[in-house]
Amino acid sequence: MMADENRFYVSFPPHVVSGKSVSGLMYDNLIALIPAAAAALYYFRAGALKVMVLAILSAVVCEAGMQKFLKRDIAVKDGHAVLTGLLLAFLLPPTMPWWMVIVGSGCAIIVGKMIYGEYGNNPFNPTLVGWVMLRLSWPGKVGDWVQPFGGMIPDPPLHVFKFDGIEAFFDYDFHLLDLFLGRQAGGMGTVCIAALLAGGIYLLVRRAITWHIPVGFLGSVFVFGGVLWLMDKEANLNPLVHMMAGGTVLGALFLATDPVTSPVTRWGKLAYGVVCGVLIMVIRAWGKYPDGVVFAILLANTCAPLLSKIKPRVYGKEKAVA
Amino acid sequence: MSVWKDFTDGLWKDIPPFRLVLGLCPTLAVTTAADNGLGMGLATTFVLVCSNALISILRKLIPKKVRIASYIVIIASFVVMVELFMQAYFYRLYIILGIFIPLIVVNCIILGRAEAFASKRPILNSIADGLGHGFGFTISLTIVGAFREILGAGTLFSKITLFGPHFMPFSFMVKPPGAFICLGLFLGIMNIISRGRV
Amino acid sequence: MKTIKLYGGRNFKTPNPDPDTPIQEAPPPKKVILPLSDRPGIYCRALVQRGETVFLGEKIAEDPKNRMAPIHSPVSGKVTDVAPYRYAEGGNVLSIFIESDEQDRWETKPFPLEKFADADPLGLIRTIRRAGVKMIPYETLPEAEREGARITPIRNFVINGIGRGFSGSIARRLMLERGPDLTECVHLLKRIFQPEKVYLVVNEKHGDVIRVIEETGLAKEVHLIQLPVFYPLGHPHLLYKAIFGKEIPSPGGIAIDQGVAFANVDTLLHALEAVKLGKPHIERYVTVSGEGVSTPKNLKVRIGTPLQDLVEFCDGFKDKPGRIVIGNPFDGMAQFSLDRPVLKDTRWLWVQPLAQVVGDNYRACINCGDCVDVCPVGLMPNFLGKFCEFSRYEEAASQYQLWTCIECGLCAYVCPSRRPLVHFIKFGKWELTLREKENDGR
Amino acid sequence: MRDIIKMIVVLTVISTVMGATLSLVESITREPIKFSKIKFVKGPAVVAVLPECENDPIQDYKEGVVLEEKAGQKIIKSIFPARKNGKCVAVAFEVTGQGFHGPLGIMIGVDLKTGKLTGMRVMTHTETPGLGARATEPAFYKQFSGLGIKDVVLSDQGGKVDAITGATITSQGVLGAVKAGLQLFSRSKDKIMGAVGAG
Amino acid sequence: MHEAWTFSDYLLLVIGAILVNNILLTRFLGNCPFLGVSRKMETATGMAMAVVFVMTMAGSITWIIQEYVLIPFDLEYMQTIFFILVIAALVQLVEMFLQKSFPALYQALGIFLPLITTNCAVLGVAVINIREGYNFLQTVVFSFASAVGYGFALILFTGIREQMEVSSIPDFMKGTAIGLLTAGLISLSFFGFAGIVE
């Protein structure tokens, strides 16, 4: 801002801004995550509190430290790091050893984001980078699931399906309502679909996200899952289970919608959602990982710049220019 | 004096692969442990020194047009010798390093030094240059290997166990993505050290 | 009613109350400043010197090459100086400074042309031009044709009654107050350009305007187009699409090549006055508004009047002023001084209180895509901004159609990272122009 | 023209000299390489199939022992002997079988006195993971220790070896190869004894 | 001889080479050109096509050399020399042939061809074909699929790189350092395909 000798500000147009700001987006997101955080506390008690607090604190400290190191403005109060930490905690079991939570948060912030300079430059979703680094190093700890308060077993439904087979899955007799309410094992913030949907609706109403990614994402999971199911109901899960188990809903509403790592245009976003959903189903059907949401979104992140090349039609541009 | 300088250049001023960003593939592939890095580095050093020496001797005889072809023949021959020796006497390492032994032939450090240095300088300087860059490469590989091994497996030189039995290694480090990320961070840190600023 | 299919564009609540008040005449200024250039590289030559006395309406500068309309004195009085003056738009411009004797003495009586129904079209257009009125169809003519025998055929003439697409209060007031004159304007332009059709675009929400148009018989002379209006629908490219459903080839295409001309209501009235009253172009209609000004008003003011006078006539600033902007909040130019005069293209003085000024520190783009959604011509302003920020202008032009941007400012308005996207874009265009010149020079 | 000749001459000379040097190096390293390969490729299996012994069977191996000669067809094996108290008590050698997808390389150890198996390992194979590949798992190979020729039959056919579930073809392939190996042993026991000096 | 492969075996070979064991991201071959030509999408696609072309041909021809020259004459230990010379000659020939017969294609690929000679991925795939014991058809398919995997990774990476070119990466990470780190993160995401092919 150039304050002039004649006391008027001279700056480039426009001279007004819409109310939307980056930190506003982050706080909207945090508000939207409150129901899911409450559900995590309800189902997993003190363990959940410990992991969430630790993840957030270490993310904030790492971010501030990196910003200082890079000699950039300290911007932790914008809330990016809080969001990254909280979302990371949501993907972890409440039994995670404290130092692994710190390592995960640190990797998320440092390798996933700050090494690229600042928020907005990182090509990959930091939360997911942190989680994958933990998952590759300590699969046992990241997969150390516990039985939620009121749940039946300490194994997430998709794990039962992948490792024990569909018969075992049917034996446990998972009810969709249980899954919807969160009485299932899994990452502490992924289990309660009802709470996540409430947060998602809040985001849509606040226009923090558009419908394109969630619809493309959930729609393709449903359609792909449905086709598999219709082909062989004995060997495949009901598509509704695919949508309500594992990280599907958290992914569709909060992880894939990260603007920085998703495409820019609306059509690009829709395509990106579809890529996520299809990759999830490919991994669930043929891969080694039972859930696959995190990997699918990371893979979609790598495609995001290409999907951003789906451009709107420009005014007056002649069609085939030789 | 200049021989000494040619030697030390490769150890710091353009130590590969950090300053002279060449030979990335072997650096990424074999640095899962310090001893692998050491072995690969020494094998490369052998080829580098021998080819530098021979090319320097022949530098006046080789016509310009066929110089790359000649270099490739010479380098490839030394690579085959290394392959044979390693099979005979370091078989385990030979298996671990795998196709990266034959790939020394395309390691641009070697062709690069042949083209940039040995083809123009006397034999002693060329040997010094080869030794310097070879050792520089070896040191780099060993350090990266040690770093990844310590964090990723909790050992050093595959034998020395550094932590207690409860240690849970950060095994991400010894996996392929760990190689890329480690080397990227190493390069960044080297940039900070050499430029003195972020 | 028509449905408009554009790309983005939004109906924004403008942050200032619309002064829907009758147009008032502002008192003549004590002194005026008149720049001799309106575009880079195009100059008028001063016909007067320091100390000379000038009359009201006297031609005091003209461009021998006729690229720029002549300048007439808006007051009678003494030329105090001919010297460079600094403008926010583009540095120092040679300007004529006149001190008024407050007598408003005409040089000669204006030479009216009461009946133009049978007049020679070319003669009419020269008359308008000589009066100093800038009219887009004329300005866009190739140089050779300006004085030549032929006028590019204009099949459709569009009268813009919506301004840039905000509430359009000057155009609205003029249509309310000067209905009969406007009917005559239409006769005039039909005589000059002989278009097949004349369109008048109005905001479909302005029932009173539409009623006046129908009552005064203007409706019989034109095709009335009622549109749901939003900023920046007033841009010729967008209006063209809204009316004709087609697009002007872009970048580089102009409406006149499609046989369509646009003019604002006030421009036509000035043209009419030039013909009918023989009056040179010495007045403008200007809206003064914004929360920073005490009594927002619609004014008729002399060209060259310092902004200071306008503010004073509107009872001064309300709060501590932060920014004074000539033009609208989205693409207007912030001024550093109230000495700056009203020019021939000034239609709006917008004053923003200090409390509403937001900082201009910006951060990296977060890819949210809001700017893409809002861009009325389908560009990707985020990439334009990034490529221009990192000096990659050629890619911005070749991959992301830099030159198609109409600089409306909406992208920067919505950006949550507060990125100065239009600034980056303008800077990119500027750099590319420089480079082109350099290449031509070689 | 002179240039071209010079180029050709230089390249040829370089190639020839380097080629000659290489074949020299190759001839020097031929034996050590062969030994390395045996030691590191076959060594672990050899040690595993033989009983505990005082010598190093790999160091003492006998190469190219002709076990049978029939109609010009020779059966040649490398024999790894295990000695206890100075006496050879068992030998190991390689046999090959046909699995589901490709050849099976199998090392067997045979007790000199009883002619029974001291151990079996599948060294190389291309079988399906989770199915045939389970032939390399202890649950399968442990069954073989101590079996004689007659026992080397699937249990549902009256023998003592349980097939790998879902991989009967692989199991059969292994059994066939092992059985052939034992038969070969019994046919040419003398030659083997002679070769390892256990007369 | 191996049993005949079914179509699905080939399909798995292809998927494996492209996604699971991507030659670049898990085998670390061809990093230098990977980091070198990934600044612009046009060059990246050009390079990708050139690699597909050359790698498939080089893989096939080196297989034939191995089978009908090196093995019969007991020259297997000379593999490295023969292969590198064959590849160098092949690239030269392809270049000359394209220049003469398909000038348009040469325009598109020409500048990348010399780069490929020193791309260890080409030699690497040739060596892998032999070490894995592939027959001729498998060799052709694997070489082609590996090259496609290389091109695929290159294009994905270039998309990201293009955006990084216009963002404020810290100075010390600019260039190769951030490129490697990003390659690591791509490699990380490719772990999602684990298990699709055993």
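Going by the order they are written in, the chains are A, B, C, D and E; count residues from 1 in each one.
Keep in mind that, in the parts below, a contact is a pair of C-beta atoms (placed from the backbone, for glycine too) under 8 Å apart; a residue touches a chain by one contact, two chains touch by 3 or more.
All of these numbers come straight from a predicted model, not from anything done at the bench.
Minimum number of contact steps separating chain A from chain E: 1.
Farthest chain from chain C, judged by C-alpha centroids: D. Ranked by separation of Cα centres from chain A, the top chain is D. Judged by contacting C-beta pairs, the busier of the interfaces B-E and B-D is B-E. Chain B and chain C have Cα centroids lying 68 Å from one another. Work out the mean CA point of chain B and of chain D, and you get 37 Å between them.
One simple way to say how far apart two chains are is to compare their mean CA positions; for chain C and chain E this gives 59 Å. Centre-to-centre separation of chain A and chain C, using mean CA positions: 48 Å.
The multi-chain contact residues of chain C, meaning those touching 2 or more other chains, are 364-365, 383. Across the assembly, chain B contributes 69, 73, 77, 80, 84, 177, 181, 185, 188, 198 as residues in contact with two or more other chains.
Shown for chain A are the residues in touch with two or more other chains, namely 70, 111, 115, 117-118, 120-121, 133, 136, 308. By the document's touch criterion, interfaces exist between A-B, A-C, A-E, B-D, B-E, C-E, D-E. Those residues of chain A lying in contact with chain E across their complex are 70, 111-112, 115-118, 120-121, 123-124, 129, 132-133, 136, 279, 282-283, 286-289, 292, 294-296, 298-299, 301-306, 308-309.
Looking at the complex, you find that chain B touches chain D at residues 58, 61-63, 65-66, 69-70, 73-74, 77, 80-81, 84-85, 87-89, 91-92, 95.
Those residues of chain E whose C-beta lies close enough to touch chain C in the complex are 163, 165-168. Taken together, the chain B residues at the contact with chain E in this complex read 21-22, 24-26, 28-29, 68-69, 72-73, 76-77, 79-80, 83-84, 99, 102-103, 105-108, 111, 176-181, 183-185, 187-189, 191-192, 195, 197-198. Taken together, the chain A residues at the contact with chain C in this complex read 1, 4-18, 20-22, 24-25, 117-121, 210, 259-266, 269, 308, 311-318.
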